[in-house]
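To keep things simple, chains are lettered A, B, C and D as they appear, and every chain counts its residues starting from 1.
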Amino acid sequence: MSEPHRGGSRLVALQLDDYGPWTTTPEPRRETDLQALQARLFADVADFFGQRDGYAFAGRFDNMVGVATQEDPAEFERLQERIRNRYPVTLSIGVGTAATPAAALRAAGEELQAAGSAQAADRREVLGHRVADGVTGDPTRVTIAHFDVVDATGSYTDRVAPTQARLRIQEAMTALASYLHTDHEAVTHFVGGDNAIAVCPPLDRTAVDGAVAHVREATGVELQAGVGHGSTAHAAGFDAKHALETCRATGQRVHGPWEVATD
Amino acid sequence: MSEPHRGGSRLVALQLDDYGPWTTTPEPRRETDLQALQARLFADVADFFGQRDGYAFAGRFDNMVGVATQEDPAEFERLQERIRNRYPVTLSIGVGTAATPAAALRAAGEELQAAGSAQAADRREVLGHRVADGVTGDPTRVTIAHFDVVDATGSYTDRVAPTQARLRIQEAMTALASYLHTDHEAVTHFVGGDNAIAVCPPLDRTAVDGAVAHVREATGVELQAGVGHGSTAHAAGFDAKHALETCRATGQRVHGPWEVATD
Amino acid sequence: MSEPHRGGSRLVALQLDDYGPWTTTPEPRRETDLQALQARLFADVADFFGQRDGYAFAGRFDNMVGVATQEDPAEFERLQERIRNRYPVTLSIGVGTAATPAAALRAAGEELQAAGSAQAADRREVLGHRVADGVTGDPTRVTIAHFDVVDATGSYTDRVAPTQARLRIQEAMTALASYLHTDHEAVTHFVGGDNAIAVCPPLDRTAVDGAVAHVREATGVELQAGVGHGSTAHAAGFDAKHALETCRATGQRVHGPWEVATD
Amino acid sequence: MSEPHRGGSRLVALQLDDYGPWTTTPEPRRETDLQALQARLFADVADFFGQRDGYAFAGRFDNMVGVATQEDPAEFERLQERIRNRYPVTLSIGVGTAATPAAALRAAGEELQAAGSAQAADRREVLGHRVADGVTGDPTRVTIAHFDVVDATGSYTDRVAPTQARLRIQEAMTALASYLHTDHEAVTHFVGGDNAIAVCPPLDRTAVDGAVAHVREATGVELQAGVGHGSTAHAAGFDAKHALETCRATGQRVHGPWEVATD
């Protein structure tokens, strides 16, 4: 049985202000320039969270996601300043604290939505923090599950066409993210290669086994997962990466120090 | 009825050499550093293709895709040099020329696979060009279809939680890419926000209508698309972006100058 | 009369490991690639210090300088990790704490030199902290003097050839840096445009007047300066920038809240 | 006796529009953000020129310098587009073609000055080409002299304090640049470490010997130099780097294939 972490989760919704219209004003901008802008801006966001032992995910690029734990929401002003001083666009940030990662990101998104439309010309650099009812204090603990595809190189990259490899992995990652979101209130992102990272409530082994089985059945792709816990996303994720190394070495499908008993 | 472009298509498979093992040697590297590295490296790849009026897609980040037309494959040595001089990793590049975009990327991938595994420690900076049987000369023409979600901001970004918005759009984009690949030999990538770009053989209107209908039925997400043609991906894509602006303005679902008669 | 700050100054010497040989191995690398590498690597260093309200200077690019105040020297491991994970080169870092900025940077340099040559193939990622005799505790205060050229745009940029403008300003900045180093134990860097920033011991007004007069006599270039004090380089520098704005507005040559009485 | 290259030289003056005021509006911006912005923007400029086998120099960062040879001036629109799409500032570009590098940069600067002040709020994205009287056609040849300090590591970096090493080298580089500008119409920039690159008219050996002797007498710093010629800055500079390697290996102070006889 899963209990929420004491203090729950804190996730961050990062949204470029009025970005869609900017990309086509006064004329559609060159696609490779937009791709490069989005990628570099996300890299700066990743650095910002990394600096604080957090995690960041590119998401849709105009809507990114960060994981912070004890971070004071006011600290994100510094990130807004950095983006404003460096790019032709600005950044709104909603911080959410709630019982689960999915609820925290929901709260973060509501904070942005309450301030105005993503495409409102007069909504710029929102910074707000929404705390779900009943949650008090800063989160103290994060659980990360790090998934990858068993023998992705041998089964896909070295064997099939690039498009097929990409689509198979993309289907698996989308199925995984949907399953973990619906059944376990986790927030899961593809992070490149054949890897996905889920920010989870405390998970028992059954939950991860279930996710691996679900993706196998839905898409035929075989995943493995390492799980870790810690006071920051980096600490938890680092343990999860080590646990995944154990899977690779031993052939186990899931590995982790389980904080929640299985029965 | 669709005829292949004279000269067909030229696509490029870009693969980081032995990247997976590097990310965990001697220990797993910090995730935000990997995210930032991948994003910035892709941005440099996008700049390189943009410089030549091509397109580039992040794909899986360790496996990227580029669209070149008349580019001499030997030119990509300059990109390999740049990556080697700037990053702790190196880049292998397979160029493929074939009748359709999907076949061209297949040929590009085979060129890499023939040179050794993506995780072979001794395979570095491959550069090769594979031309499919029966294709001669440089490609002279590209067709681009630029899709986005009808009222994505109102229907998703401003209305539902960030995870839901992302997953709905991701499902739609994956369904679109699979459909266009299987039925039309196109190579389609999500490019951020609610946008996807398909590199296509010459398409008639029916094909694009079919893709929009397929995604609506499979996922409930309503897409629109602008189509353009040109001697480079940028020229074709620029027309496609303008055509998509017409969709936004008029409510049409698909728009483009159709080079191939519908009947 | 100037007293050193209680706790003195903490400066950081950042040195690329064995960089000269790398730039010519196995063959000389393309110059624009080296320029781009150096610039981006410095930008990352600037971000790292900026994140902590410090300052960073490009210096010679293979030897950079940072200003930290209460920063724990062990924190710089995170910067070394970031560079190693992102670039084909590594970074050694010497931290120095001493009575004055010049002495602190001297101590920082000695820490690196004691660990081996900048071009020793086996000296990598040194991290050490040298505290000068008689200094205890963390520095608590920084003084920044921000200089620029009076009407640089009207006198130089808009009037003379780019090379002349650059050389005149470079001569002035070199004269300024030498004077402040020799006479006042300050560490002064050109920071672009017509700007230089000096990290100073507590300065009285006479010292800054003297520097402006010296540069006028030695090079004919007329400078102005704003001075600020604070617990971090950013706080001190922000006040210095505001003080410089006052110079621009009023025609004063130097402005600042003086912590040290003039007589 | 030196003859100008047939077709002379083509240099490029790149100037950020109205940059000074931007850095203090509405308030002074954080210094490390400005440092990072300038460095990354220059890196992109370096990439752009590198892509065309040209050279680029950071100069004052708000005023940069590029070397192009047969480049069509209209091509620089692509660089302006890239900067506009990526940064919060815009770029004006003056191209100059004249008998010598110094004259070419003078013409480039005049082109910008004629269009309005560097700090005119309404002068943005100027792009012009000024050809000096009597020059026809595109330049066909570049001469590069690449200088460094003899045993800079042993004499400076490993031996004296960072500030002293930097100031000695800076003084030498400024003296070198002034001498070559005044006596030989060359454009010389410090490029990091202990290196300077001079874009020269065809030089005989006496001229380079004279520069080395001048710097020795004026500053006590011992330089060495390799010289190269080519149809692009990269080709010439690559030969110059190889020639400098010969100096390092043999103890010669200057080396190069001399196109101009000494007597």
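FYI, a residue touches a chain if its C-beta (ideal position, glycine included) is under 8 Å from a C-beta of that chain, and two chains touch if they have at least 3 such contacts.
Quick caveat, the model's predicted, so the values are computed rather than measured.
> Pick the pair with more C-beta contacts: A-D or A-C?
Higher contact count goes to A-D.
> Just give me the whole-number Å value for how far the CA centre of subunit A lies from that of subunit C.
Each chain reduced to its C-alpha mean, subunit A and subunit C end up 38 Å apart.
> Taking the mean of the CA coordinates per chain, how far is subunit A from subunit D in Å?
Here the centre of subunit D sits 44 Å away from the centre of subunit A.
> For subunit B, write out the residues touching at least two other chains, lowest number first.
Residues 30, 33-34, 36-37, 40, 44, 47, 50, 82.
> What's the contact topology between the chains, one of line, ring, star, complete, other?
Looks like everything touches everything, fully connected.
> Under the definition above, what is the set of subunit A residues touching subunit C in their complex?
Within the complex, subunit A contacts subunit C at residues 44, 47-48, 50-51, 78, 82.
> In their shared complex, at which residues does subunit A touch subunit B?
Going through subunit A, the ones touching subunit B are 13, 15, 19-20, 23-24, 28, 30-40, 42-44, 46-47, 49-50, 54-63, 65, 102, 105-106, 108-110, 113, 117-119, 152-154, 157-167, 169-171, 174, 177-178, 181, 187, 191-194, 197, 234, 237-238, 241-242, 245.
> So in the complex, which bits of subunit A are touching subunit D?
Residue positions touching the partner: 29-30, 33-34, 36-37, 40, 81-82, 84-88.
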